[in-house]
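Input: a single structure, listed below in structure tokens.
Which chain is which? They are A, B and C, in the order written, and residues in each are numbered from 1.
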Amino acid sequence: MEPTANPRERRHRYGMVIDLDRCTGCGACTVACSVENNVPPPPERSTERTGVVWIRVSEAQDPRPAGARSVFVPVPCQQCDDPPCEKVCPQRAVELDPKTGIVAQVAVRCLGCRYCMAACPYHARSFNWFRPEWPDGTAALLNPDVSVRQRGTVEKCSFCAGRLQAAKAKAAAAGSREIDPADYVPACVEACPSRAIVFGDLEDPSSEVARLARESESFRLLPALGTRPKVLYRSVEPWVRASLSQPEVSRG
Amino acid sequence: MNLKLPAPVSFAAGLAPALAAGWLLFPRLLYEEVPQPLPFSHEAHAEAAGTTCDGCHALGPDGRFAGVPRVEACAGCHAEKGGSPGVDALVEGYVTPGREVPWLFAARQPDNVFFPHAPHLALAKLECARCHGPQGKSAEARPFARNRISGESRDVWGPSIVRRKANAWDGMKMADCIRCHREAGRESACLDCHK
Amino acid sequence: MPLDLSRRDLLLAATGAATGAVLSPLPWKLVDDVAIWTQRPATPTPRPAGPVALRPTTCTLCPVACGLRVRCFGDVPVSVTGAPGHPASGGAICPLGLTAHHLSRHPLRARTATLRHARGEEPLSRDAAVAAVGAALARAAHAGRPGGLLVVDGRPGRPLSALYRAVAAAAGGRYATPPRVGPARTLAALSRRSPEPSLTLGVDLAAARRVVCFGAPLLEGWGTPGLLPRLRAGSRRRPHEERLEVVQVEAVRSRSAALADRWIAPVPGSEAALALGIARVLLDEGLLDCRLVESRTEGLEGFARAAAPFTPGTVSSLSGVPAATVVALARDLAAHRPAVVLGGGDPAGSPLPDETEAALAGLNLLLGSVGGDGSPIVARREGPAAPAGAPPVELADVPDGSVGVLVLDGHLSERAVPWSRLLPLLAPSATVVSLSPWRGGLADHADLHVPGLAPLEEAGDVPGSPDAAAATLSRAVALVASPEGAVDPAVFLKESAARASLVLPPLPPSAVEGVFASRRGRVVDGTTGEATPVGSLASPGALGELLEKGGCWVDDPAPLPRGRLSFLAPGETAESLSRAALAARPAPAAQRAAVAREAVAAAPPASLLTKLTRETALRTPPVAVAPWRA
């Protein structure tokens, strides 16, 4: 078989922009994510620190004295362009995919040392403290495109890589190396009832997500750390941008 | 006087059984043969279904491999008993009750692998036999060789215990995938194949 | 010649064996296989059970009837998403709907018919359950009233509801519907003020520029999930005057309160005073839509008399809301019409009193939120179910101790009808039958629990929310097998009625036939949003086919009937309104403290993740305290 002439694939940088003015904190993203990615339900004895969650929604309140409003901030893996978790993994179980920009977490390689959890400034990773168990026959309803992880491994958001693989397979069947963007939409984006999350290829300047990412209302979490996340947030409210993107140094 | 063994003989006395155990006995013990639920001849069916593999094992429109035909496809020809004990067993056990035949898949990858057939068939234009060997010409279904430790099929490791590749299709481990991808000059990343 | 084996020989042999082992594939292959063995998760990832397909169906969890797309591998449902073009849900579904395919395996799913008696409970076969319910129906039919049958329908308007009414009629019993809850109570209060009290109203939030919400979780997904946040965000780019803003009036800082553009926290119980205070500012400053009020309403003087005592100062002392806030809110509403005021509940989760809903309805009339062109509250026709069988009665009209056999619909929630409301209706030794698919709630009080069908197990036509701006109809398709012991309530009831030798009156034509015969409305494709007028369809079968493919029928808009809407409903007087509103004294200190505690529990301290907070000193202040709590 002769090797094909260097079929270098087009580079993508998948990312999302989350509109905090739309998010109502309903948790649909978390639920849809757990269903899509076979995240096990937390056992009774787990706490909010030991359950597994790939996209967590937190509340951030207006810090001004008279402020009563809140925004809800969904935090999935920020898919950094310079991921701190990748550097510390002794197993090379974390890999920044150069073709998609997705930070992969390969569960079967993971030792469970949790260095990556300490390194991640966004608290976006979870450790499987318990043996994953699905009640009462629901294991048959798991998504076949995402493998079930084991106890003792770390996991996190993969931008629904299983859906990307399925979209690639579909495109390949039609003879194309490029997927139809409509075929690759992460579960949280699809599930959000208020359409707060826009997903797409940041590398494609004409995409909606790239356009939103360039706007002045968009910002990243903890930009000072230089991790360059591909998950951006946006809000028209100056207080939201100020308190989330430029956190004050301790006020004592 | 008593016979004293020369050192090489003592050494060989340990070496030989160990080599025999490692090379001959161990591969036999490691795999157990699980018979297929029904006898099946690709050769016999090739005439009825056409000579290409995708007559029965087709890619779906979503690029997923349809795998083995469902029992309705069998029922198309084998609606009634007769012909051979295998056909009787098929009709009695599966066609009449409408139950799927629990075939054992020798070429199945482990849980954490997403192997799409579509890019390999539609884009790389690989022959089925490149990875599966001359399955289509087999006259009877091979028994499933199951690794007693890992539970995976022997075909993943390959027939040779030292992974000597006599044919292109011997072995389906990650190293085999990567070798071929390198030859084709493709970049690979974990998420290309791992789910 | 004997062999002289020494320790040296054994050591040499052992070395040879070790060398041999290393030179054989054994250790290397063992390491590889053991490594793979350690990586095997306890639960294997299922293999695809067939080709992947998106199957359309309709959610039956709540009355909204969102369009669903269920991703199935073969026959196995794996995930649920909203139908993107569905007119009732706009592609959004709630977190519970996202797991609809798990619900039939929920731990609370009842899997077999159960008979409860003093000694405990025992499972019943389907035949025994039919016989037991049949015997109960026969007893009820024989007793007539009192001691007769009462069927309480959790969701009127379904095909099953027609059967309930037929069974109730055949057994000489009653058919009751639960009281409406949430913002629907405000709509019901407005209906009572219309020239046709049977008029049904719906709310079209897209038409409003100001939404004032008294306690309902509007921004958390009341009605269609995510609708109001979508509308509000969509209007953000418009000029300031045209934007949609939400004012939440609620004592507790709920999620809706935290998300609203403004949050006003009155003392619980003073909502009516606040509403009348706003009305008084509107009247005093002449901020009415005079033409509309003059042409479409009557009884303004009476309402003005009711509002007269509520000066901003009085309202402030009653509700704890500053007088300036009351005046500003009234002016803002008047300046940004169309505005709509919706009731809902108080922090205890109970509905607002009728007088408060009356005050809110009057405020809506003052603001012109009903009756004008483009008003957010619109008239709608009843759903496609044709009336037949026993006429619906309100639970309040059923005399105490008059029910010998009580049949509870599977969708009846304990929240809408608490058991304490049903218990007094029962005659001594009454039989309670529950058709709920779930254990818990009202079903636990039933003597006979015959589990019905859970969402995605049910098939049939599903009418939409009674609060929506127009009637809708879509179809549910059974995608999940129901447990062995569960029954289709329609089939089960028919069999039980036959066992009781009841002769059912003829059932009305199916909803699809009703829609087809009316020639009204259009069928909107749930995926593409393309509309097909019902008038262009050839047969009811063609309509059914469109629904089967995930379409949703939407009724045409209905005109508001001619005639005037009255500020005071029959039986209400200005004095009764203002007396009830004035009665709302500030709650005692202990109660205020209890509500404050609940408020803190409802709004946990805001922290943007423990770790993010610690590592960046991203501090958040303590929970804001409502003024009246200070």
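Note that in this section a residue touches a chain if its C-beta (ideal position, glycine included) is under 8 Å from a C-beta of that chain, and two chains touch if they have at least 3 such contacts.
Predicted model, so just to flag it, every value in this text is computed and none were measured.
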Chain contact graph, described as a line, ring, star, complete graph or other shape: complete
A-C against A-B, pair bridged by the larger set of C-beta contacts: A-C
Inter-chain centre distance, chain B versus chain C - centres from mean C-alpha coordinates, in Å: 52
Between chain C and chain A, distance of the C-alpha-averaged centres to the nearest whole Å: 31
Distance from chain B to chain A - Cα centre to Cα centre, in angstrom: 36
Multi-chain contact residues (two or more partners), chain B: 60, 62, 64, 111-112, 195
Residues of chain C touching at least two other chains: 39-41, 44-45, 48, 52
Multi-chain contact sites of chain A, meaning residues that touch two or more partners: 108, 146-148, 166
Chain C contact footprint on chain A (complex, rising order): 19, 21-28, 30-32, 35-36, 38, 49, 56, 58-61, 63, 65, 67-70, 72-73, 75, 108, 121-123, 131-144, 146-151, 166, 187, 190-196, 221-222, 236, 243-244, 247-251
Interfacial residue positions of chain A with respect to chain B in the complex: 1, 3-9, 95, 97-100, 102, 104, 106-108, 145-148, 158, 161-162, 164-166, 168-175, 177
Contacting residues of chain B [partner chain A, same complex]: 59-64, 111-112, 114, 116-119, 122-124, 126, 130, 183-187, 189-192, 194-195
Sites on chain B touched by chain C in the complex: 1-5, 7, 10-19, 21-23, 26-27, 30, 60, 62, 64, 66, 70, 110-112, 147, 149-152, 157, 161-162, 195
Of all residues in chain C, those that touch chain B in their complex: 1-6, 8-10, 12-21, 23-26, 29-30, 32-34, 36-37, 39-41, 44-45, 48, 50-52
